[in-house]
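The structure appears below as structure tokens.
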Amino acid sequence: MTGHVTCFGEVLLRLATPGHRLMVQSDSLDLVVGGAEANVAAGLASLGHEVKLVSRLPVGPLGDKARSAVAAAGVDTRHVSRAPGRMGLYFLESGAGLRPSSIIYDRAGSVFASSSPDDFDFAAALDGVRLLHLSGITPALGPEGCALAQAAVAAAQRAGVPICFDGNYRALLWDSWDSDPRRILTGLMQSAAIMIGNHRDISLLLGETFFGDGADRRREAADAAFEAFPGLQFIASTARHVVNAAHHRIAARVDSRDGAHQTAEVEVTGIVDRIGTGDAFAAGVLHRWLQGADIAAMAEAGLAYTVLKHS
Amino acid sequence: MTGHVTCFGEVLLRLATPGHRLMVQSDSLDLVVGGAEANVAAGLASLGHEVKLVSRLPVGPLGDKARSAVAAAGVDTRHVSRAPGRMGLYFLESGAGLRPSSIIYDRAGSVFASSSPDDFDFAAALDGVRLLHLSGITPALGPEGCALAQAAVAAAQRAGVPICFDGNYRALLWDSWDSDPRRILTGLMQSAAIMIGNHRDISLLLGETFFGDGADRRREAADAAFEAFPGLQFIASTARHVVNAAHHRIAARVDSRDGAHQTAEVEVTGIVDRIGTGDAFAAGVLHRWLQGADIAAMAEAGLAYTVLKHS
Amino acid sequence: MTGHVTCFGEVLLRLATPGHRLMVQSDSLDLVVGGAEANVAAGLASLGHEVKLVSRLPVGPLGDKARSAVAAAGVDTRHVSRAPGRMGLYFLESGAGLRPSSIIYDRAGSVFASSSPDDFDFAAALDGVRLLHLSGITPALGPEGCALAQAAVAAAQRAGVPICFDGNYRALLWDSWDSDPRRILTGLMQSAAIMIGNHRDISLLLGETFFGDGADRRREAADAAFEAFPGLQFIASTARHVVNAAHHRIAARVDSRDGAHQTAEVEVTGIVDRIGTGDAFAAGVLHRWLQGADIAAMAEAGLAYTVLKHS
Amino acid sequence: MTGHVTCFGEVLLRLATPGHRLMVQSDSLDLVVGGAEANVAAGLASLGHEVKLVSRLPVGPLGDKARSAVAAAGVDTRHVSRAPGRMGLYFLESGAGLRPSSIIYDRAGSVFASSSPDDFDFAAALDGVRLLHLSGITPALGPEGCALAQAAVAAAQRAGVPICFDGNYRALLWDSWDSDPRRILTGLMQSAAIMIGNHRDISLLLGETFFGDGADRRREAADAAFEAFPGLQFIASTARHVVNAAHHRIAARVDSRDGAHQTAEVEVTGIVDRIGTGDAFAAGVLHRWLQGADIAAMAEAGLAYTVLKHS
Amino acid sequence: MTGHVTCFGEVLLRLATPGHRLMVQSDSLDLVVGGAEANVAAGLASLGHEVKLVSRLPVGPLGDKARSAVAAAGVDTRHVSRAPGRMGLYFLESGAGLRPSSIIYDRAGSVFASSSPDDFDFAAALDGVRLLHLSGITPALGPEGCALAQAAVAAAQRAGVPICFDGNYRALLWDSWDSDPRRILTGLMQSAAIMIGNHRDISLLLGETFFGDGADRRREAADAAFEAFPGLQFIASTARHVVNAAHHRIAARVDSRDGAHQTAEVEVTGIVDRIGTGDAFAAGVLHRWLQGADIAAMAEAGLAYTVLKHS
Amino acid sequence: MTGHVTCFGEVLLRLATPGHRLMVQSDSLDLVVGGAEANVAAGLASLGHEVKLVSRLPVGPLGDKARSAVAAAGVDTRHVSRAPGRMGLYFLESGAGLRPSSIIYDRAGSVFASSSPDDFDFAAALDGVRLLHLSGITPALGPEGCALAQAAVAAAQRAGVPICFDGNYRALLWDSWDSDPRRILTGLMQSAAIMIGNHRDISLLLGETFFGDGADRRREAADAAFEAFPGLQFIASTARHVVNAAHHRIAARVDSRDGAHQTAEVEVTGIVDRIGTGDAFAAGVLHRWLQGADIAAMAEAGLAYTVLKHS
């Protein structure tokens, strides 16, 4: 067993049309439990780590379903509290051939998004833990979400637990309220040791554009981020070249303050489902980090898990 | 073809666990389009009437699904408008044996519930029509719902179209806002020619309790309603005696100002699903009313359709 | 809303083995409602046009199913009449990899194929309409089918409604009776304003072979058709280059009397199902024609919808 | 192994809505291979007898499916020949609660119904066999069907093979052509040693009505049949008292020339599917007859298998 | 949270034909994770207790599946170890109507049945725990199983943890090796504080027959057991009266040294599945015991959960 | 009809996760009946040959299922005997994209593997037959399996029936007991007229390594085999070049004593399932051999069937 991790974020239900059908053709919807941070938790648990999820779910059958699925993945759910309210949902009409997938979010006003820092015992959940993982989705949920993310980060700092922050920028969510994403996200990043995100995420954080090509631009962005965020040690990102809907080329990269490792590109064909591949990447990177491996091993493992997840 | 009817109300999506499973045991949910008024519309269409539904659905795949299902039932959907927003949902964990079904409503803030009378062209939708059907669910949705129901009723009165009002009292909905159901519902009932509802619904409307047994109590309640609502001509209700979850005894009754017809009780066994049986009753009653039949025929047809629907 | 269209033709039930199984491996068959003209009707309705289908279905559950599916697609079914008799069927054993699909038609003696012109009120169905769409399948059904197609065309001419005729040559059907397809089809084409069909369809109609390559041959054929059919204004066709079962290259072309537009080729990979792609092409072309667009727009839209339909 | 039997009759495909749905609610149909005589063959094979089916199926996937299902049941299919043509079908909308099942036959013009005696080698199929089983369905198919049944019976007589004839009166089939069922059926019965059928079947054959109650009427009818058909040795029938759709009481009876055995009534509840229960009865009766058992054993076994089949 | 429990026993996979089909009719089997002690663990977890399962599963996908399902039920699986070997299986052909279910065990030589006491850290698993639950199935597995059960019981005694022993007599298992069940089971019962089992189980343990009727016989048996097993405090049992396959009457009883509570009989109709009902009973009884409730509450809760489980 | 064949070997049940799911994600498993020799039997039957399978299955529902599936494929099952015991199983977690399939064998101690030569009547099963087909799987099962394979081969020699032996080397099986595969397999090969296997199989048999490239190495190996096994007339093998999981290039080759035919390579894309493709190859080769065709025809037919099977 190579490490104890706490993940914090919302658990969602995904309701997807089966077999690439349109919604109008579907008499049933496939029910899957998701959410970026829960996916990372599940990935790390399957790799042998002890992982706790901190979250909040509605009382009743939908919350039971979500809790049960997270536990089935081997994640400790004792810090998943329950309260009256609604479940965050998203509907997926899975694409086929040239027809793209269409996602309909229906998560506003969920129990998680309406909760306050007092609803969580971050100190207990971080006790004896080596890493806190959270993402840019939580603060994007609204003022309450910002308070939640900030409280989690503050608790980790108090407990001396390093933080991994996954950018996961969701424009739709930020645009749905009177938000200032740059201020909030750079605030949170002040405490991060690991960032999952590419040069576009960094541009967004710093309000700076990076030029140059490929590796150069990524390094330029990394240098800027390391300067802006003094605690930051690693930046992990993927680069995806879309040949067509079912055929991509993917590489991974991890930057540290004094170096970088960029993997060779891997061909991924017969792609069925991209959902959760970013989370698999994070899990792979953190898996090696928890084992004390170097940036090359982190990048390769991140790539390996993201590639596996495409199938 | 025996008549043109306009139904007004919200269309919902029902997401039900398949085969009497618990939510935690389900990897998919059956998707059915429902809603009390849409069910009545579908029932009347299947009986050969020309029926229009007036409603409002979200743009996007979920709204497409709902519109398509209503059209598939033979209902004219040209007065179902579309707007950005969320779809009204309800989740159903279908019971088995002694475990009761559990319903989770997730309809707050839907496109329909957030709309205003100006979003509908009631005059056009009532043109050339012989009946407007609506129910107590619409005003229960909130102040906007009350305004919608009142506008529909006012338009019908202006157009000289008789109104059928189905009580469908939903305590949960009325309790979720600062409501005064009696005032609202008695206001709407002032214009009703036909009421679907029993002595309990009348008690609720009039704030009066009725004593006596069975038929006597029902007649007492009917007399009180006919006195309170001068335009009211018919009251149709069912009486259900639950032997056990899968075995009921049901009778139907129609009261007019000068008489009543109560059917014999029918044994219903092997009950799978009670959802929509009240709507089937309304459809059966209205079917005969549209044909100009007498109260006995109305009661018998209502019973026949509600009994058929249990299977 | 950009136009009112009437489609005339048979609605069929397709019974297909699920998931690329062989018939001997299947314990259930997927049930889909099809038929070339109904497909075009559904396509145009989904693009926002008001579309009526004129057809005839058996009374009973199979006819109900077909009517309901057509209505679900947003098509007006008030001109779909009902009569005792059998439903037209076809069975599909869907191919996989190198094993081709196998289709078994079982449509002889259907209610539609046995009906006579008097069973339809073409005048009413064409009232206020801007286009009649029909295809070469109806006359291929037998002498009754020829009479039906001729009556529909005659009614459109009387009503001054332009006609679109989709070649859809079905050798199997023509060969099953003592038929003279050239005489019948050229007769019908006399009244057509739009033809969906390529140089092979024109060869068949005119008994003439066209030489030359690609675009040249198509123009040569188009010139011959414009000469032979004085009312003809547009000829729309696709050219398909089959790389392998799952990978085609497709282009579209529309010829007018004084010009032609041929699109670039599009790569289509991951092809699941070719059924209905010709109908999607027709719907795309007619969609733009109804909007008054030029031939380039017609060809591009036809291509776009046919390509989308492959997925 | 207690005996060799040859069954002769048509094999049909049943296409049934799944889970008690209506056809309009179904996106797939369950595919089952049936036909009364094939059911009896399968029943006898499952009881350990060597059974051959003589039949005729279309070439192609539908015929392959039917042949394969019969072989899977352990029946010898070497005498099932193949020819171009259509498969006999029937559609089933399975009932639920008070809604009855609805069956749509679509078997006219099938390969079997269009075949002639020369298409079968009855002599070979009856070689070394102890019983020929056929039913009243084959002659009901039309003049060709009558010729087939008569040829099978004649071949059995030439070969000295006893005949079991199952009445299976199908009014719909007889009424669809200019038929004289009494003449045909009494002709076939001249050669029967065993008849499966009750007093109503005998009335129909002899044009005679039987009075009296229960057992008395059955014996009266049996006496008349034994007089009319000199080779007849056993008459086996069931009596069914329908309490409600899901609850019947069933008894069985076998009459011989010098006695009768009538079983006690058995309660059958939770009835899902009545299809094939008559065939199971025949299989049970013949199973014991082949073993040389007495009429009591024949009646009890017939009852046992029919009761088991209801579940 | 009312208590910490440790359950010890084998986890099995159940492979059942879907929808009451026969195995020969099934193209897929439903996969459910079971095992008596795991069922009790899941039941107690769903009632809010902290429960650990001590077991052993094969490495690989089948063991992953089992572990995941137990965790999904909210049970702590950190004491479920893994080793190379096979998974215990049982196949179920679920009955219908009068056809009984048929179970095929295929558990011989499983990883659990082949393990030795050294493969488990009972001391750690019992640390801080208020109850150990095990059953008569483990010793029935063979000499290794006996050693396992004895080691578990010895560890509980050392740790001062009370023991609940569920009789669960499996003749088939005991008969498959040269066993002496009475000696083994009475040995284990020496340490039990709670026994789940009826007078027949006690007869079997003590080699004594009890006469008298109903409650009298049960008390007589209880007295004998309390005399034979000095640490025993409670005996919990159900009495089941089978009206027919789908209709039972069930009562529950708990005996203590100085009294007894027997519940009223409950009618259970529409029975789908009896599997696991005994385990639900045990969970209900232990739930109240852990809460410190009296025998009446224990019996009523046991009955309530067993009745619920039938549905 | 071009020939009578007897196949001898074990029939297994395959339990596979549906739709490329992981075992932990699956609530049901697809049930398919397999086994290399039964697959060859089914292939030859579908090509029109009369084929008998000699095997042994457990009594009970699992054995019934297996027997029924083999009979459904048109194979004569009268030499499939039945005995108490367990069914051979294998579980398949079907891969997706880059995740490989994972197979778990659970066949030890099956009825077949525990049987002895006396349990089979080889003489009767080989009567009038033109070929015996068996494979290297049977002797790999253990000493009993060796005795079975040897007895089958001896009986064929006594009856003058040529033998086809498919190498099908299963290291896992041979390694699970104290085996000497080379001695056993070369013993069996002494009697073979046809071998299905490539140069690696021959290396294994002869303890010799072959150098050179492609065709040269194959011929070198074939020459060595023809020298070692005096009765051997044909060696049939495939060569597979894996481009990626879903894209292979395959060629086939048949060597005779005086020549060889190697086919062109065929591209196989969209590969779903490789299981059984080796068996399809054997069936194609033997089909032409039974027709008396030359080695070119044998190789081409083998390739055609193996390619078809990939889909």
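Going by the order they are written in, the chains are A, B, C, D, E and F; count residues from 1 in each one.
Note that a residue touches a chain if its C-beta (ideal position, glycine included) is under 8 Å from a C-beta of that chain, and two chains touch if they have at least 3 such contacts.
From a predicted model like this one, the values you see are computed outputs, not experimental measurements.
Asks: Looking at B-D, B-E or A-B, which one is a repeat of the C-D interface (more than half the contact pairs shared)?
Replies: Of the listed options, the interface copy of C-D is A-B.
Asks: With chain centres defined as mean CA positions, report which chain is farthest from chain A.
Replies: D
Asks: What is the Cα-based rotation angle between copies chain B and chain E, on a 0 to 180° scale and rounded to a multiple of 5?
Replies: It is a rotation of 120 degrees, to the nearest 5.
Asks: Looking at C-alpha means, what's the farthest chain from chain F?
Replies: Chain B.
Asks: Taking each chain's centre as its mean C-alpha position, how far apart are chain A and chain E in Å?
Replies: Using C-alpha averages as centres, the distance is 42 Å.
Asks: Distance from the CA centroid of chain D to that of chain E, rounded to the nearest Å?
Replies: 48
Asks: What whole-number Å value describes the gap between the mean CA coordinates of chain E and chain F?
Replies: 44
Asks: Give the residues of chain C touching no fewer than two other chains, as numbers and ranges.
Replies: Residues 24, 27, 68, 72 of chain C touch two or more partner chains.
Asks: Enumerate the contact residues on chain E facing chain B in the complex.
Replies: Per the stated touch rule, the residues are 72, 267-272, 307-308, 310-311.
Asks: What residues of chain B sit close enough to touch chain C in their complex?
Replies: Within the complex, chain B contacts chain C at residues 67-69, 71-74, 77.
Asks: Across the complex, what residues on chain C touch chain D?
Replies: 15, 18, 22-24, 26-32, 60-62, 64-65, 68, 86-87, 89, 91, 93, 102, 104, 106, 108-109
Asks: Show which residues of chain D lie in contact with chain B when the two form their complex.
Replies: Within the complex, chain D contacts chain B at residues 20, 24, 95-99, 244-246.
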